[in-house]
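Heads up, the next two complexes both have chain A, just with different partners, chain B and then chain C.
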Partner chain A sequence: MEKKMGVYICTGCGIGDALDVEALAKVASGEFKAPVCKQHPFLCSPEGVAAIKADIDGDGVNAVVIAACSNRVMADVFNFGPDKLVERVNLREQVIWSHPANDEDTQMMAEDQLRMGCTKMNDMQPPEPFQGENLSKRILVVGGGITGITAAKEAAKAGYETVLVEKSDQLGGYMKNVFKLPPTQPPYDEIKETGLEAMVEELNGLSGAKVYTNAQVAKISGAPCMFDVEIQQNGNTATERVGAIVLATGSEPYDASKLTNYGYGSLPDVIAAPQLEAMFKSGSVTRPSNGETVGSAAFILCAGSRDPEHLPYCSAACCVESLKQAKYFKDENPSTPVYIFYKDIRANGNYELLYKQLQKDGVTFVRGTVTGIEDDGSGAMVVSAEDVLTGSPIMSESVDLVVLATGMVPTSALGEPYKAQAPKEGEEKAETPADTILVSNLLNLQYRQGPEVPGLKYGYPDSHFVCFPYESRRTGIYPAGSVRAPMDYGRCAVDAAGAALKAIQCVELTSQGKAVHPRAGDMSYPEFFMQRCTQCKRCTEECPFGAINEDEKGNPLPNPTRCRRCGVCMGACPERIISFKNYSVGMIGNVIKSINVPDEYDEKPRIVVLACENDAYPALDMAGIRRLSYNPWVRIIPVRCLGSMNLVWIADALSKGIDGILLLGCKHGDDYQCHFVKGSELANIRMTKVQETLNRLVLEADRVRLEQLSITDYTKLPELLDSFSERLAELGPNPYKGY
Partner chain B sequence: MADALNGNRSILVVGSGMSGLSAALEAAEAGFQVYMVEKEPYLGGRVARMNKYFPKLCPPNCGLEINFRRIKSNSNIRFFTMAEVTKVEGEAGSFDVTVAMKPRYVNEKCTACGACAEAATTTIPNTFNAGLDTVKAAYLPHEFAYPMRYVVAPQVIGTEEAEKIKAACPFDAIDLGMQEQTFDLKVGAVIWATGWKPYDAEKIPYYGFGKNKNVITNVMMERLASPSGPTGGVIQRPSDGAVVKNIAFIQCAGSRDENHLPYCSSICCLASLKQSTYLLDADPEAKATIFYIDIRALGKYEDFFVKAQANERLTLIKGKAGEITEDPQTGAVTVQVEDQSTGKILKQQFDLVVLATGMVPTASGDKAPAEVAYDDNGFILAEQATSGLIGAGCARRPSDVATSVQDATAAALKAIQATFRR
Partner chain C sequence: MEPKVVSMEMRDYIAEMGAETINWCMQCGLCTNLCPWRQVPGETSEKFNIRHMQRLGQMGMEGFEEELILFACSTCGMCQENCPRGVKIINNVRSMRGSIVGAGMAPANLRPILGSAHANGNPWSGPRDKRTAWQEGLDVPAFGPDTEYFLFVCCHSCYDPRSTKVARSVAKVLKHAGVSFGVIGAEESCCGESMRKLGDEELFQKLAQSNIDLFNSKGVKKIITTSPHCLWTFKNEYPELGGEWEVIHYTDLLAQLLAEGKLSLPKGMAKKVAYHDPCYLGRHSKIYDAPRKLLEGLPDVQPVELNRNREMSLCCAGGGGRIWAEVPMGERFGELRITDAVENGAEMLTTACPYCLNMLTDACNSLNKQDQLEITELSELLADSIG
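What follows is the complex of A and B.
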């Protein structure tokens, strides 16, 4: 696009009082030859905006540089439509609110920030949305239990065609063998019917809902809106094109045969909770040993859960499930003795009322760790336990049946680890820690990084984000129900509906060429200049979302609709061949080069700050809002994610005479906060490579520093920025100044 | 596009806390027009007032910043602050809604430059900080406030000070003549994401909240530990400002108690485990004790519980606290409790006691102005006679943040379905 730049400098909010605005204007009109350069005392007012619009309409301005407040504010005011480029230069929060007025150094900072903004504008093009071919808005649901049925049903009821694939011959999953459900309606103290038949009937009656039973997803290739799914059913292969996927393959009960310490396998009347459920469902509840009716029962909670030897996590549903099963016995015969051995009764929310009811019903609750289950000689069993805190022994009366409340294991955790492609001879070994991907035969994705959604702790393909629980590491694939996290029936159904909406959202945004979360609506996407590709595979290995496939020669095969637009690939590429229309290695390199670097005798050091736009940049704004002051040597450049940092920027900065570079990214490690999962961690790994650049230039390692900063760490910023500046002062000026 | 302009296909979300924000954004990003009505002058609800989330101990502002950016870049969402829904009539696909908006006395010309606050002299209790400090009568509700726009407190309207505040604004953004406005909306579905409030701790007389200065609620603790809170994040005793070295948490303060809230509030166990880290992580000498009935750390939250237990400076005692007294001279607080594992009556002294007060649905007091069905405790039921009226998040049941988002996303789909029924 042929650009006509208009630069608008706001003099309100104290900007005009603190800065020499005429000198600023000369930067725009002189150095950058902006054909239009204006000042306004109140740019965000209707008059100010009207003045800009008049230039757009009358004068053909289509590239608007606003030198005023932070882009975090007035975003709607300075939006002139998708075909007009807008760049914000933050003079208020990050210049005048944090630095003294009418000061030479503050002025130089403002002028540099304007130079950087104009340079960015010069290198920017409006994004053109990616348009794939033969786009589908259908939703694939894998798994036909309560979660899968609900997801398919709810999506269909919102007007979207669905395809459900279930491995067994009937829908229902675990629910098929469930007798009744815990309460979800007032008064919350009675168990209720499952309603499974009605659910299946409703799904079968929906016109847009297609169901494959006895079927398995053999292969999924492609990307959101363009997934091609191969389904094997009774020896035949069907293919379906879908737009997004809900993974609802559920969980398996923990293998009770591993619980020999509870007598499972050796004592015939020790059974697992699913067996008891099936007994009630069939109407015949008898002791396996002799077929006689059960006159008394003991439940052992956390059988395999909350146990480092088995499942370290809590399976979330078993307490209430056992309360429900105890209720089966009590409803049948109130005088049946029932014992529940527990660590904590986790009857959250209104399930507390069911717990209360069972206390009233006369169930004996024993808080203790079960130490043994033994035959009492008469064919019944005695459960002995140890009090959790005091260690004093407890023993039950003899019982006919012992029920182990086994926990749940996600189907995603069942499988061997995927072996990533070994590096070929002469190739560098991957430095990026690979995601955990198990070959669990659920989706069989034709993805370079592996065939399933990466698992987090304990193999759950969950989201690590508290605020965004549906964000798996594979775009357009939303795990729901007990495969995503341990949960009960009620939560599975809610989770399914939520995942169905995320899938719908994905197909709606993707079909318009827009990104999904967290850059929802972004129409830029990375383009690869393949002639210069050296097949180093860094982009394909490092993409946190597995968006890029590879051909046999190692050339990247991008899938724009899998892309989240973080720019990690752009940062990874040593050949700098990956660019967005409005964000590129060259652009940020030029922004760095546009900084005015005084010579060493001026004693005015320069520090480039590459700040994550999600957290570090707002924190810098907050420092301004609080009027916290820090050194005027810093020049702040927001980046989409610190993972988009390309090492050439460091070389660019240092060879230009910039004294130091500070990288501000989100927390990485176990409790990472990076919105693009691995961006800040990858930047940290790349730091080891920085050393090579520094050695080559014969510069000190301390000139480049990476800090993890959260959005609320703004009070620490002045100290952080100033201590870096002090360290640079000790090192002395960068000897490359003036070259 | 015709659909987007059709009011019947649009969705009203009442409340803009984690549930409301999520419901609104998830629907808007799926292409639907959404109105969001918030009674506070800023979006974010209770999570905006929290210091950290469990189990990651990460700041809520991080996710809120992303969500606010999603709003800024999505033209499908319109929101109204200081506003309340006063009437909803109709049926799924066709609701007539009336909204009343209180005067902010500051218009959209505000640039948040802060000149008005400098001119103000009166101070008012800071509700954002749970009343633990004060703000000027012209104030920005908090640093991360979105929209970033000041408010003039009604207390000064009609005074000379208000005129001074007005005169101080270089942008003509103060409008002292602003009146309450009402307006109507036509929508296809309504999501009630009106959230929760803490159980009134004064209703538990034996804990002496309100009388004992060093007995606070977990909601107050969030502000006390926050870097943007009244003490800059230093946990001090309210009575004398002394630094807290030994803290206690009383679980089920109101919850799981037929005389108060019969249900379990679901989040307080993890909230107290989290809050214990506020002190233990900041001060290597400090100690914490949690008095509990059961620790309900479901699912992978168990890891957080295990990690907390590994800290030797945290003591967990199974027992429901009986009586709490404060020594008026020293400010020390004594907790009396029966240790259920030993049967002994313990009396332990602390610098500060935090009551893990439960969650009460906001709607238990302020019912929605619509035909909405609740349970006895004021939680909105899943099944409603009028489809298209949908509860989400803590308005529906006590939940943590991630579960609220999950529930709100599901509610958004239900709302979209309801807009089809016509």
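What follows is the complex of A and C.
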């Protein structure tokens, strides 16, 4: 595209009072020969925007550089359509609000920021949306339990064709064996019918919903809007093309045979909760030992959950499930003695009213650790516990039945690791990382990184739920229900509706060639200059979203609709062959090179700050908004993710004479905050390689520093930036200055 | 430690005695933290934990029988008013006491009290024929068919020398206001409120039945009580036993008369006077304004509010049978009230309950603050005002 650059400097918000705007304008019109360079006292006003539009329409300006406020504000005001390039130079938050007015160094900072913006504009092309072939907006739902049925129903009712695959011969999943459900409507103190038949009937009555029972997903290849699904049903194979996938394969009850400490297996009348459910469903509740009716019962909650020996997490549904089962007994005979031994009763929301009702019904709640379940000599059992509430050991009266509220294990956590983990030296067994892909035979994805969705914790394929609900680490695949996180019936249904909406969002945006999440609407995507590829596989290995497949020779096969546009591949590539239309290794390299580096005798050091756009960059804005001040040596360059940082930038900066490079990224590790999951962690790993680069240049390793920063950490920024500057002062100027 | 054995039978027994809501308790412990015992040091404070006691009741487990624990609660209602589960905590306390006292195991110091109530119809070992001794020189009318109100004087004010002044004052003010009232006299029995709280259900039933039969036979329709305790049991416990009357506390009636201009309070008293809300008038009967209106109606009086007042009022420690408890100095709730009053600059602390009068007077003496703070009952101030 032939570019005609227009540079617009806003003098409002105090910019005009703090800076020599004429000198600034000379940078644009002089150094960068911008054909149009204008100032306006209120650029975001209708008049200001009209002035820019007049140049676009009348003067052919198509590359607009706005030197004003942060790009985090007024994005809609300064949007002139997809074919017009816009670059924002942040003079307000990151220059004049954080630095003294009418100061030589502040002015230099502003001029450098403008240079960097104009350089970026010179290297930028308008993104062209990726358009695949034979796009589908259908939604595949894997699993036909309450979650799957709800997801399929919701999507179909919203006008999207759905394909549901259920492995058994009937829909319903776990619900098929459930007698009744906990209350979902006022007054919330009575249990209710499951309503499963009506749900199935409704789904079957929807014209856009196709159901495969007795079926399994044998293979899924492709990418969002272009998934090809092989379904095996009764020995036949059907194929379906779909746009997005809801993973609703649910969970399995924890294996009670591992709970020998509660007498399971040795005492015949110790059973697991699903067995009791089946008894009530069948209408015959009897003691397994002798077939006699059950006259009293004790429930042991957290049986296997919240237990480091078994499931370390809370299974979320068992408290209410046990309350419900206790209610079965009390409804049948109010005088049946029922005990509930618990750690904490987690009966959230209106379930509290069910809990309250059961207290009123006279269920004996014992908070504490169960220490033993023993035969009382007559064939019944006594339960001993440490009762927290009296601070003493207690012993129950004899009970006929002990019910273990076993927790839930997601179906995604079953199966062997896709890639065997080699034990470390001195270890007998290798520790399996939390995000290891297991071969659990749910989706059978034809992805280079593995056939299923990676887990976050405990084998649940969740993403960062607080920030990104329903997301997995596979674009277009949305886990919902108890496969995503432990949850009960009601939450599964809500979760299913949410996942259906995410799937719809995915097919809609993808079909327009736009990114889905978190850069929703972004039309740029990584392009590979294959002639120079060395098949090193770093991009295919490191992509946090498994977007890139490989051919037999190891050449990357990108799938743009799986891509989240983070640029981790771009940062990984040693040959620098991966770039976006508006973001590339060369572009940021040139941006760094455009910085004016004064002579060492001027004692004006220069620091390049590569700031993650998601947290660090807004934190820098926040510092400005709060008028926190820091040294004027820093030159801030936003990056899509710290994971997109290519090591060549460090070499570029240091050989240019820049004194130090500060990388600001998100928190990584167990409770990571990286929007792209692995980006900041990968940047950290690459940092170790920086050492080599520095050695080659005969430079101190301290000249490069990586800091983890969250958006709320902005108060720490001045200290962080200034302590780095002080360290650089100790090291002295970069010896490459002036070369 | 040997495990304590859970007993559903014991739990059900306690529940049948009146602790119907004991299972509602979710053991959050708000009760324990609101309990006035947390405000004082000492052995009882350390041992008595109302949440724990209810837990034992809930599980039918032993451990609550110890006198210091079982009889510590003054039934002030602070916990019950604030219980998030609406547990009737006081009923639980009296039922648990009942399971012990009903089995003939009342603590030694309570036996003479309960015995006197059995024998004399009052817990103060006063002879029945002395019940009207307080009337001497007052010409108090006897209750008859034409009398509007029956004035029921609390046993405490019939027999306790300090407290009789309350009875005399109330009668004097009622006469002054032209209220048609009369007293039955020697045949009256203790209302039994405290006996029931102590767990002697049988005694309470006996006293109540005797009163109900007596009042009904005399044609009683309306009752004025001097004590909030009598008021509360007449209003809340007697109806289901057959005693249904219009019952009013004297402060409530007099405040109405004052507002209607039927009661004049001519003589003033230039003093800073603090009012202590009795638990059974305030929290239990929700009467907070009537006594304050009367106090404000006294010329020249400067009313002072205590830091803890109205719904948050701190118990004097005289309810629930605690009026008969021996409590070491430094552990008495009343002492906190005296300090509160003194710190707020009050010269007089007045109240509207004979038990409170008794407890606050003791506390004032134990703190040796008699010179700084005078303890009175509101009726006494009203009587002084009318001369």
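The rule we apply is simple: the second predicted complex is superposed on the first by the 718 of 739 C-alpha atoms of A that agree within 3 Å, B and C clash if a C-alpha of one lies under 4 Å from a C-alpha of the other, contacts with A are read in each partner's own complex, and residues count from 1 in each chain.
Please note the rule applied: a contact is a pair of C-beta atoms (placed from the backbone, for glycine too) under 8 Å apart; a residue touches a chain by one contact, two chains touch by 3 or more.
Quick caveat: nothing in here was measured; it's all calculated off a predicted structure.
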{"item": "Fit or clash - chain C, chain B, common chain A", "value": "clash"}
{"item": "Touched partner set for A:T237, first chain B, second chain C, both or neither", "value": "neither"}
{"item": "Contacts of A:Q131 with chain B and chain C, given as first, second, both or neither", "value": "neither"}
{"item": "Touching partner for A:G12 - first (chain B), second (chain C), both, neither", "value": "first"}
{"item": "Chain touching more of chain A, residue-wise (chain B, chain C)", "value": "B"}
{"item": "First, second, both or neither for A:E397, with chain B first and chain C second", "value": "second"}
{"item": "Touched partner set for A:K356, first chain B, second chain C, both or neither", "value": "both"}
{"item": "Which superposed partner A:T364 touches (first chain B, second chain C, both, neither)", "value": "second"}
{"item": "Partner chain in contact with A:S284 - chain B first, chain C second, else both or neither", "value": "neither"}
{"item": "Which superposed partner A:G521 touches (first chain B, second chain C, both, neither)", "value": "first"}
{"item": "Contacts of A:N614 with chain B and chain C, given as first, second, both or neither", "value": "first"}
{"item": "Intersection of the chain A residues that touch chain B with those that touch chain C", "value": "356, 367, 387, 389-390"}
{"item": "Residue numbers on chain B that touch chain A, as the complex places them", "value": "18, 26-27, 29-31, 53, 55-67, 70, 72-74, 109, 111-113, 143-144, 148, 170-171, 226-228, 232, 256, 258, 262-266, 294-303, 306, 318, 341-342, 375-376, 379, 381-383, 397-399, 401-403, 405-410, 412-414, 416-417, 420"}
{"item": "Interface residues, chain A side, partner chain C - complex", "value": "337, 355-356, 359-367, 384, 387, 389-397"}
{"item": "Complex interface listing, chain C residues touching chain A", "value": "1-8, 11, 23-27, 51-52, 55-56, 58-59, 61, 63, 85"}
{"item": "Residue numbers on chain A that touch chain B, as the complex places them", "value": "12-14, 42, 44-45, 69, 72-76, 154-155, 157-159, 184-188, 306, 312-316, 344-353, 356, 367, 387-390, 457-458, 460, 462, 464-470, 485-487, 491, 494-502, 504-505, 508-509, 516-518, 520-521, 614-615, 618, 622, 625-626, 666-667, 671, 673, 675, 710-712, 715"}
